[in-house]
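Labels A, B, C, D, E, F, G and H are assigned to the chains in the order they are written; within every chain, residues are numbered from 1.
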Amino acid sequence: MDQQNLRELLIRFQSGETDLEGVIEKLKHLPFENLGFAHVDHHRAIRHGFPEVIFGRGKTPEQIAGIAEKLLARSSNVLVTRTDQQAFELVQKIEPTTIFHEICGAISVIRDRTEYGKGRVAIVTAGTSDIPVAEEAAITVEAMGNQFIKLFDVGVAGIHRILSQRELLQSARVVICVAGMEGALPSVVGGLVSVPVIAVPTSIGYGASFGGVAALLGMLNSCSSNVTVVNIDNGFGAGYVASLINRS
Amino acid sequence: MDQQNLRELLIRFQSGETDLEGVIEKLKHLPFENLGFAHVDHHRAIRHGFPEVIFGRGKTPEQIAGIAEKLLARSSNVLVTRTDQQAFELVQKIEPTTIFHEICGAISVIRDRTEYGKGRVAIVTAGTSDIPVAEEAAITVEAMGNQFIKLFDVGVAGIHRILSQRELLQSARVVICVAGMEGALPSVVGGLVSVPVIAVPTSIGYGASFGGVAALLGMLNSCSSNVTVVNIDNGFGAGYVASLINRS
Amino acid sequence: MDQQNLRELLIRFQSGETDLEGVIEKLKHLPFENLGFAHVDHHRAIRHGFPEVIFGRGKTPEQIAGIAEKLLARSSNVLVTRTDQQAFELVQKIEPTTIFHEICGAISVIRDRTEYGKGRVAIVTAGTSDIPVAEEAAITVEAMGNQFIKLFDVGVAGIHRILSQRELLQSARVVICVAGMEGALPSVVGGLVSVPVIAVPTSIGYGASFGGVAALLGMLNSCSSNVTVVNIDNGFGAGYVASLINRS
Amino acid sequence: MDQQNLRELLIRFQSGETDLEGVIEKLKHLPFENLGFAHVDHHRAIRHGFPEVIFGRGKTPEQIAGIAEKLLARSSNVLVTRTDQQAFELVQKIEPTTIFHEICGAISVIRDRTEYGKGRVAIVTAGTSDIPVAEEAAITVEAMGNQFIKLFDVGVAGIHRILSQRELLQSARVVICVAGMEGALPSVVGGLVSVPVIAVPTSIGYGASFGGVAALLGMLNSCSSNVTVVNIDNGFGAGYVASLINRS
Amino acid sequence: MDQQNLRELLIRFQSGETDLEGVIEKLKHLPFENLGFAHVDHHRAIRHGFPEVIFGRGKTPEQIAGIAEKLLARSSNVLVTRTDQQAFELVQKIEPTTIFHEICGAISVIRDRTEYGKGRVAIVTAGTSDIPVAEEAAITVEAMGNQFIKLFDVGVAGIHRILSQRELLQSARVVICVAGMEGALPSVVGGLVSVPVIAVPTSIGYGASFGGVAALLGMLNSCSSNVTVVNIDNGFGAGYVASLINRS
Amino acid sequence: MDQQNLRELLIRFQSGETDLEGVIEKLKHLPFENLGFAHVDHHRAIRHGFPEVIFGRGKTPEQIAGIAEKLLARSSNVLVTRTDQQAFELVQKIEPTTIFHEICGAISVIRDRTEYGKGRVAIVTAGTSDIPVAEEAAITVEAMGNQFIKLFDVGVAGIHRILSQRELLQSARVVICVAGMEGALPSVVGGLVSVPVIAVPTSIGYGASFGGVAALLGMLNSCSSNVTVVNIDNGFGAGYVASLINRS
Amino acid sequence: MDQQNLRELLIRFQSGETDLEGVIEKLKHLPFENLGFAHVDHHRAIRHGFPEVIFGRGKTPEQIAGIAEKLLARSSNVLVTRTDQQAFELVQKIEPTTIFHEICGAISVIRDRTEYGKGRVAIVTAGTSDIPVAEEAAITVEAMGNQFIKLFDVGVAGIHRILSQRELLQSARVVICVAGMEGALPSVVGGLVSVPVIAVPTSIGYGASFGGVAALLGMLNSCSSNVTVVNIDNGFGAGYVASLINRS
Amino acid sequence: MDQQNLRELLIRFQSGETDLEGVIEKLKHLPFENLGFAHVDHHRAIRHGFPEVIFGRGKTPEQIAGIAEKLLARSSNVLVTRTDQQAFELVQKIEPTTIFHEICGAISVIRDRTEYGKGRVAIVTAGTSDIPVAEEAAITVEAMGNQFIKLFDVGVAGIHRILSQRELLQSARVVICVAGMEGALPSVVGGLVSVPVIAVPTSIGYGASFGGVAALLGMLNSCSSNVTVVNIDNGFGAGYVASLINRS
């Protein structure tokens, strides 16, 4: 039943053709989704002011450009994660302000630069190899209208590195903490700040790092109570949740 | 070097007994932590207004009561997780307002009922068996000064259950979503709200649930971007982070 | 908005107090679930003619009896899985026809004995230790109105055992195949019949059986194309799906 | 002993050369398989009306074409899964009606288009990346003579997507539900329909999806009772069993 | 069709009531197993001269005694593994020569002491904690008519222990090598002898021994080519295969 | 100390230069390996009549040829496993009778064709994809002087395939059973024969086969007592042990 | 051949009864271990000055006392790990100076208090729950003649705790670092000192700590180069190696 | 606050501009790291006399050369692990004494050849395939100023190989033991020496070696008390710790 049907039903009711109980009975069984449910989604899109996001892996450059074109027609900001130069070139033809972030294979179109966040997001990495994941988070945070600071290569084996940045770290409203290998940094960072820390395990390491499992488990078992975890290498997810927190 | 030593050093400097370079040299090598670093911790405690928390497992009732006594001397609110009736009775002797939450084996002393949170925390469970973990989260959220709502037993196999509570759910500023078995609820909830969802896998299930691993993996792989995860059965951690977010 | 609100809205429309567009606008945003969605569930219950099922583990005898009482008020057949003698005695007080199946810890109340199934369900086990899980399946199949045959202890190490029952096996419309250890039976059975085989791994075994994982993996990798798998020890689930297939 | 031997034995018996006990003794020990057992297989082939299937992985295009040629001589429908363009071109030379399904690397020859199924098979995917596996299922379902409907990209993070298709979904006699990442869709779908749901985990995802393990575990632990599971990425198996169910 | 039916069929053929083709047709479809197949099993039992074995775990003392009684009626030697004193007492009432091996929870009845083995079986353990599993192997080897030698507590951390027994070890026709923890002994033993080595991982150890998995993996990866492996703690299986080898 | 030193010591003793205690003291501390221990190894080589074996993976063609040259100087038969055409060509230059077995990447030089085995080794595979591993076993068995029979593609989903070869199978003195996917064949084969069955899991399969783990676990948990297991894809090891058994 | 035989052989040689070649031939084949090899072990015991150690788990109090009695006859210091009060009481009857360490279930007899170590061993724990494992290490270190310092409950979530003890920590010649949960402490400690750090994962934690696996993996992947790892909860092993290092 | 600020503060104090309490208050909150903490790091570098190390994986040749250039300006010895010929050529341009170790992909610059170690480091491998990892350890040990001996290809399947080198082995002050497959060598070596053994599992093997996991678990469960473990293939880490021990 679409709106046309509903309209006709109500007119039949108004005209007395159908009685009250008949209308109620019909409405009780009508497929809710055709009436108003899609609005929820629409509302949500508006409420969010969030970028549209395309997960690029497994999609051809053409597919990405096709989807991007549709999304760019209705959204100011569009993000493509885990994609490549080729897709970028196609999207750039559609929207010249498109930027390619080679380090993490992300494409961003940021036409709405409203600052939605209320504070700063700190993005911290243990090593230099974790930077690509951190950059994916940074681009997400940026596309969602947040200020952010980067503290890279401050892993726990040289504890003074993170300690010397303590004040900067403590100025953030939410921290994204990216680490591979043993994934110990979020526990230390969690102890230094009193805001939520979103831990991102990375697949950096070898042998018993098992592609990020060691870091993931370390973070899930963090002795700092303010740490939550996202999937291995999921910089985007961390940036997304950090933005939500910073916006609240 | 403690403050007494520092004081003496400075007096020696003031009196000319030690020259400027000598003081600087000493200060450069002084063990920083004895000067001011402990203040950080102290500040943190004050800034947080957070309860002190004792992880009860592996501690005897006497040990718990002993620690609780010390904490109660300096903090308004104290929480003991994963403990039992016996420990409760000892703590209650120290502080008569102590409450025992049998369902999750937690003890709470809440003497400061200031509302620190700015909105409401929604605590959602997939099944009735997940309730103990949710209650641990609820007690934490309460002890940290938050209003909260409970939506229990709204698992995805009867999708109308969570859908029918959509408005209530959407009224929250942060959602804690507790689920065992396949752990699918956070993905659905994450799609219904635009605030952070903290997913708590529970060890509920049997066979290939592997003590909560199935739920944990499901949540880490959630297709909803606003989901972060804590350890299996870690209701306390979820409540803690939710409180931080609601407070920001 | 509940039916009362809807009724009032329509009366206001009928009386001209609200115009057509106003009603449509309201309806578009009404919480669908309060109108008719619950009916879906209701319909489903009726359509199924299925028993209500209580998963007993983690519930006290009193809780089980309490839930059973409510369910017995609206459903003919009720099943409690993974429970005990004590719960049985309480349920029996409510409904004297209640039966306790000690072998698998299940309680069944079967007041509607309509035969919903169109053929027979064969329930096969590799060893005698797999029988409890098979019995849980059998009770489910029975409670859902199916004829069934049991072929127990016909594991592949003595291949003539299952071969000698081939005709009986081939008379079934769907086969439930329960096996622990290496879980090889479903592959052999799958090759002997041309109907769906629902494989149930059991936690029977030791050492590298890893509580049923070996059997589970074996079944998921079955070289027989007609095999699908349920969770370790999930006799109920297998019985449920077999009943659905037999009913179609 | 083949039929010739049997024939001679019986003639010797008829002529009195061998007595009754001698014949029985011989028959008791004759290798059963040479007498009639192969018929079982033959019967089965006829009874099934099923396509012959070649698992292409690890076979050269020439080997595939060779096997396909033999199968095409005795069966109307032949399916090759997990193969490539090159194998297709060789098979097409043998049978011009051969079709290549690039999306899932399958080759199909469907010369018998009898409708064996009694209802419709619904094939549902959570995301667009799951489509190749769903297409393998679709081709199988088609080759086995079933009508089917496709509902793609209706994952649970946007729950209205599957809800809005509820009526269509409920029109199916069996549902194939394909999902990667957290594999939550089968639980939701299972709650919406009262027919068997065959869940297919896919290897879509990254990090802690562990090549489909997260989805697999999620599906095995589904809280919907009507869900059974096949191997990761096993679209063919799901299509095969769905066809069996739809045929019964 | 049983022998009676077959007899009648042949008489009908002899009498001309049925013609040759009719008999052949019937025979082709007769259920082979009723004719002669069961003989295979019977033959096997006789040929083996092997004890009957009951896996005791999960069986009540009464069940064990019941099965043992039947087996004792037809077999000289009967073994019950993983059982207890209570079962022993019941079996002893049936057969007074029954022996209980408390160390590994096995019951043995050995009435036939024929020496079937041609050489000696060496049973070796790494530590004293591995002895129960070794004893299960020893009892099996004994019940199957083999001479054997025991070399216990000769683990590789004190390599001279096994080296000093080299000549004894080399006198065996097959070696059973039982080890927990790192499971290194079979590799060393394998290098010292030129006969098959059956490695039995035990669940001895803690932490990263994972209940015998470390030992199991070590043995599967043995750099000695003459090592094969059985399940964790499967002393019986090792004894059984060793007996087969020693008998050949 | 080598033999020369020993000789000198004894002569000094004979001449009275050293007394009895002096000799004993020296002998007690002499490095045993230089005296006689190497003989053990030498003896072993002679006693075995076994081929020398080179594990080719990770070695360059030149390295392989170099090692092969040395081994060919002292042994009649040499085997190279997991190597390639290039290495073969180099070895062939050294020894023209060298054969390359492309299917499993093995090189064999068999100059001693003495029949060491006393019976036949049966080599059985579940599918055609398991053949390369079976061929590695076959070449090993051949190089060690055994007669063997091959029964390929007799997996359990078409149980008549292995049953129809039962007599042939039962003629073997030891069986090598190679299977991937669910690895069920050894259990069936083990029930059909009364000789040792060496099970070889293969990495054939996808998804939850986990590179052969499913088959490996299935085989370790075999309900047939005469089954032992070697590493995944370890055809050589199976052939080696089978030869030892057949030789005993 | 023991020394008596050797003596006789040499006398026969001296007397001309056996010639030089005959002696050499005999010696070449003599079982080396009976001559001098056992001395190695003896030497080792003396050289070490190490305590004898009994792993108590799985041994009865009587067995422990029995072994202890023998060891006490030849060694000054004896350690029993993972045992209980009952075993202690029996050992104490043999040696009154025996001490029971209830916290880690260890018994120690230290009669030789020579200081073998050259510096101090620091024993550090992340939490209070890790103390039992640390105490096992401490007792080992003590029994092996080392001075040691304890730094307990200095986990990384409150980084100032370990930092404030930096000087003390840096005074050690080797550090034992005990931690459960995420096992992050060794990485931080490793960065603060320039001596070897022996990391001991503990089974402290719940959920995704998997009985110490999370901590174990974290430690194996430590970004500090001076960290090595022992088994989960292996306080004894850590103490043993630390003593070796401190002694060198 | 840097030294300039500190200086000014003290001068203000000296001049009476600030009183004692004011200085102390300031000092309590000053960011410690700017005062003296960096000295710790500097001190550490000097104290160590250790080479600077670059982990090459994931870095471009240009990046490696860039970092190397900076490090070479302040350190005598520089090591690059897991890199390639191309990076070598760039580094060689900066420092002509650079050496490339192709076998393990390492680059070393050793300009300071002071012997820091007090004894010898023994580096032992089980097989020839383990040599690259052993060479990484050797280069590290060399760059840190140690004498070392290599005992390669002395795996336990031919136990005389390691036994015949016992005296050499026992001459070392610390042993690095590198092994793949079952990883049994460290247990044997650990029993032969009384010094610390650092075990390095390698990813050598196939099937159930799981990329080195089998060896890793074997080593963690070693029955020799003097064994500690580093990550799979971590030759550098083993060399580093061995150097620390040898230096102490």
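Basically, contacts are C-beta pairs under 8 Å (C-beta built on N, C-alpha and C of every residue); 3 or more make two chains touch, one makes a residue touch a chain.
All values reported here derive from a predicted model rather than from experimental measurement.
*Asks:* What is the touch distance from chain C to chain G, in steps?
*Replies:* Minimal hop count between chain C and chain G: 2.
*Asks:* With centres defined as the mean of C-alpha atoms, identify the chain lying farthest from chain B.
*Replies:* With centres defined by C-alpha atoms, farthest from chain B sits F.
*Asks:* Work out which of B-D, A-H or A-C repeats the contact pattern of C-F, with more than half of the residue-numbered contact pairs in common.
*Replies:* The pair repeating the interface of C-F is B-D.
*Asks:* Using the average of all C-alpha atoms in each chain as its centre, how far is it in Å between chain A and chain G?
*Replies:* Taking the mean C-alpha position of each chain, the two centres sit 50 Å apart.
*Asks:* Report the inter-chain centroid distance for chain D and chain E in whole angstrom, where each centroid is the mean of the CA atoms.
*Replies:* Distance between chain centres, rounded to whole Å: 39 Å.
*Asks:* Distance-wise, how many Å sit between the C-alpha centres of chain D and chain G, to the nearest whole number?
*Replies:* Measuring from centre to centre gives 58 Å for this pair.
*Asks:* For chain G, write out the residues touching at least two other chains, lowest number first.
*Replies:* 32-33, 37, 40, 158, 163, 207-209, 213, 216, 220-221, 231-232
*Asks:* Would you mind giving me the full set of chain pairs in touch?
*Replies:* The set of touching chain pairs is A-B, A-C, A-D, A-G, A-H, B-C, B-D, B-G, B-H, C-D, C-E, C-F, D-E, D-F, E-F, E-G, E-H, F-G, F-H, G-H.
*Asks:* Provide the residue numbers of chain F that touch chain H in the complex, in ascending order.
*Replies:* So the residues of chain F in touch with chain H come to 31-34, 37-38, 40-41, 57-59, 201, 203, 211-213, 216, 231-234.
*Asks:* Touching chain H in the complex: which residues of chain A?
*Replies:* Listed in rising order, the residues are 129, 158, 160, 163-164, 166-167, 204, 206-209.
*Asks:* Considering the complex alone, what residue numbers of chain E touch chain F?
*Replies:* 40, 44, 47-48, 50, 53, 118-119, 173-174, 194-196, 198, 216, 220-221, 225-232, 236-238, 240-241, 244-246, 248
*Asks:* Going by the contact rule set out above, which residues of chain E touch chain H in the complex?
*Replies:* So the residues of chain E touching chain H come out as 126-127, 155-159, 163, 181-184, 187-188, 190-192, 205, 207-210, 213-215, 217-224.
*Asks:* Within their complex, state which residues of chain E touch chain D.
*Replies:* 3, 6-7, 10-11, 13-14, 20, 23-24, 27-30, 32-33, 35-37, 39
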